[in-house]
């Protein structure tokens, strides 16, 4: 007899999904003036709800509500009072954490283990952290003194589907702490937790118009970013869209922060703590199905230990449990959409066609929904497309190197620069590598760690600006450039 | 010198460690050449395995397996024949009310109690384990430790739980620790040629670092220990999930290098059924299902057994039980 | 017969050398009264390309120097400017039409500005870096790092103080620069380049092109190996600034936008010119035994 873990399903009775959702404008849920779209559970393809697709007019109404709220209420409110609203929101998120986690998992496909233990706790922590800044802004930006405590105005925020509520928190918490009001557009495949967040704003008695949520796809996002009365654009998503936004705001006074794609190198030296390195590699690429902009998608392993490390890695990958995201023992959930699945398949097929060795552990995938097994490619070189293009899925490219300088050269040989990992037991080498890697976040002997106090953001084509920490305030204050 | 297991002969072939154990220097180079253990990463991996949710059929399986893995232990100055007899009876029939309840793996006692335990257990299949070698401190001359071991073996002990000389280990006298294990293993041989199984206790709470745990695990395995065991139960912290995980990684890597399986025994501090199940999850996912067997994994515990029984009863009756319904021996 | 003086040829400054424009073109530079002063090299797109290559090549060495070392090198530039006061004053009077006293004051400001920025080399990290108290057993540190190769469009009016105020904050943090000088007032920039050449600034750290921003800047703005662009120097030219910002999006250059009018360069510059061209890098490491 073997130790087969019986299904351990998180109950979904805690969430109450409505048949249809409107937009959240000026403190109220309102019908959109346009059509609607369906959001589905990617693990089952079940339709969860109809969601309004905000038109240009809807976006305009939301921006006007945000402007009014900024002028009349929020920018005038003392920081210590704004702080208390944010603390309230943080507390309500903690109180309703399981409900949020289950909803996130149903709408996104990520394992309940992750939404429960990572996403939602970090969301609450983010609001709690920035709440405390609201009445301390005069200490935040050196050289700006009291003039640096002034808000920008209305922030247009567009977020992706990989960490729906967490990205919302990264955007809304610092914006509100600094006295801005926001219009936020969640991703079209994952709008539900943002709409539940709107309800939380109501529970917190947040003044109407301070937070507005407009749902929709690319056109809604364009209308929001392009609206003449927004003062600030914050975007997390693909580098391609990021560039389009940078062009769209050219010549305006809109301030911009962009948090875009990545192709991070995770570098393992021969003196690394190998078992922890294996965990870091697995966390780095299979966390959240690899739908992570800072994913460690390129494993650079020193040739002298490549075989040993790969043996360990494959053995570890064989213990990954792929399946029902609501099962508490699931490690790898569903791919977020059919479209994303098609992209992962396409790039993986190209990897195979280009001669890289493809390997996945044996695992039975569900028959409905969108699934892709944890996959690694060996024999990859910098010339392979799977080593250059962001796959945004559970696909690891394995490359080798011989010397530290070769590792640095290969790691930096990408237009991206979001994150990097280094594994070695030698302290001075860690510091040398950390200095030489052109990336905004360097995880040494760890990977994919996030914290509200820790700035996050990229070099080069991974975007500009930082989210998190004291640095995250710069994007939402005058003189904070 | 390469120290990585990949440099070892193919699986199944015996690894000749004579080069490694030729001198204290060569042994030290080998042990210090093992990959390091990052404490934070190891703790977080163990904690994450601890969040596995084991329900229904999996839980029933795990509870019975855990009961079968218990080395029911009494190691007190106040131990008496009566106490040991009661414990032995409990090990054979942990839940007298339920004949389907499996027996424990062994009782674990001081050497002078081996005969008493053996008398009760007979050929029930429940083993007698004896702590030897000047347990728990190990601070005695080698000949006394060996005599202690022989006494226990002669009295009928199936298993010997020895302690290593932590002072020697911490001062870098690895070869001394190695040779002592080898000598104790020789003392485990009975006149009929059969040998008591040797468990090597590290007292990881005194060794402190995970690097030391990995090194001492390899040292003990190379010296021929059948089991590696975390603790005496007399020092805090005793067994922890991450320390046990690192030892399970070591036995896994040792088998990959040599083809030989070594057992693991966390002892002390495992008190709840939930904790025991977490250990089994770690065994399953780190070392692999081959170790999910009382021959290869044990719990050194006393109060744990009743906790397992209460959970077992809850599974069958559907209601929570209370301590009055289980024997207190 | 009186002696015929020897006139200077004004050249570009690329990779520590003084080439003529690759194109062979030059243009006439006049003083503020319209009198001919000299011919300046008219930089072409290929000169811009060469300058970017030189700047990239210099980046590793320059960004890798200790902050103390960079501070001393910037301070050394100020020393050499002091040494060449008469020449710089003359250049300022010619190009900006200043009185002797005003030219002296502009030069004072430029030298003092360099000294001010030199001191920031080993302090900015302390002011804008952070240790971050994350909720876990990790050491976590955020520090500013240079963005890389920065294209700087120098101010059109303030030919020396403005130039120094644009270049110093970019290089003090470890970036290397390709500068397009003021079009009508390029000669102080060339003299400044000659000072750089005799200072301790490694070749390629500062590259100065004389010529037209409207012609050359688009090539820099769209260049995929340029990491950032400072448009402050084309203050007021909204159309050019917008088109350069659009081009800069091709590789997501950091853009410091052009204001409506040229700033008062004598005012306290604050940190903005430095912080616009640094990247915050955050390093995590576990803390265990």
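Per-chain residue numbering starts at 1, and chain names A, B and C are given in the order in which the chains are listed.
The working rule: a residue touches a chain if its C-beta (ideal position, glycine included) is under 8 Å from a C-beta of that chain, and two chains touch if they have at least 3 such contacts.
By chain, with names taken from UniProt: A = Acyl-CoA reductase; B = Deoxyribose-phosphate aldolase; C = Aldehyde dehydrogenase family protein.
Values in this document were obtained by computation on a predicted structure and should not be read as measured data.
Chain-to-chain contact here is organised exhaustively, every possible pair of chains being in touch. Per-pair counts of C-beta contacts peak for the chains A-C. Remark: subunit A and subunit C have CA centroids separated by 37 Å (rounded to whole angstrom). Put simply, the C-alpha centre of subunit A and that of subunit B have 44 angstrom between them. With centres defined as mean CA coordinates, subunit C is found 69 Å away from subunit B. Residue positions 38, 40-41 of subunit B are each in touch with at least two other chains.
In subunit C, the residues that touch at least two other chains are 136, 138, 286. Counting partner chains per residue, subunit A has residues 445-446 touching two or more of them.
For subunit C in complex with subunit A, the touching residues are 127-128, 130, 132-136, 138, 140, 142, 147, 227, 238, 241-243, 245-246, 248-252, 254, 256, 270-272, 275-276, 279-286.
By the touch criterion given at the top, residues 1-8, 113, 117, 271-276, 279-280, 305, 307-308, 311, 319, 328-329, 425, 445-446 of subunit A touch subunit B in their complex.
Residue ranges on subunit B touching subunit A, taken from their complex, read 4-6, 35-38, 40-42, 44-45, 51-59, 61-62, 65, 246, 249, 256, 280-281, 284-285, 289, 292.
Interface residues of subunit C, counted against subunit B in their complex, comprise 136-138, 286-289. Of all residues in subunit A, those touching subunit C in their complex are 125, 142-144, 239, 242-244, 246-247, 250-251, 258, 260, 415, 430, 434, 439-446, 449, 451, 453-457, 459-461, 463-464, 466, 469-471, 479, 481.
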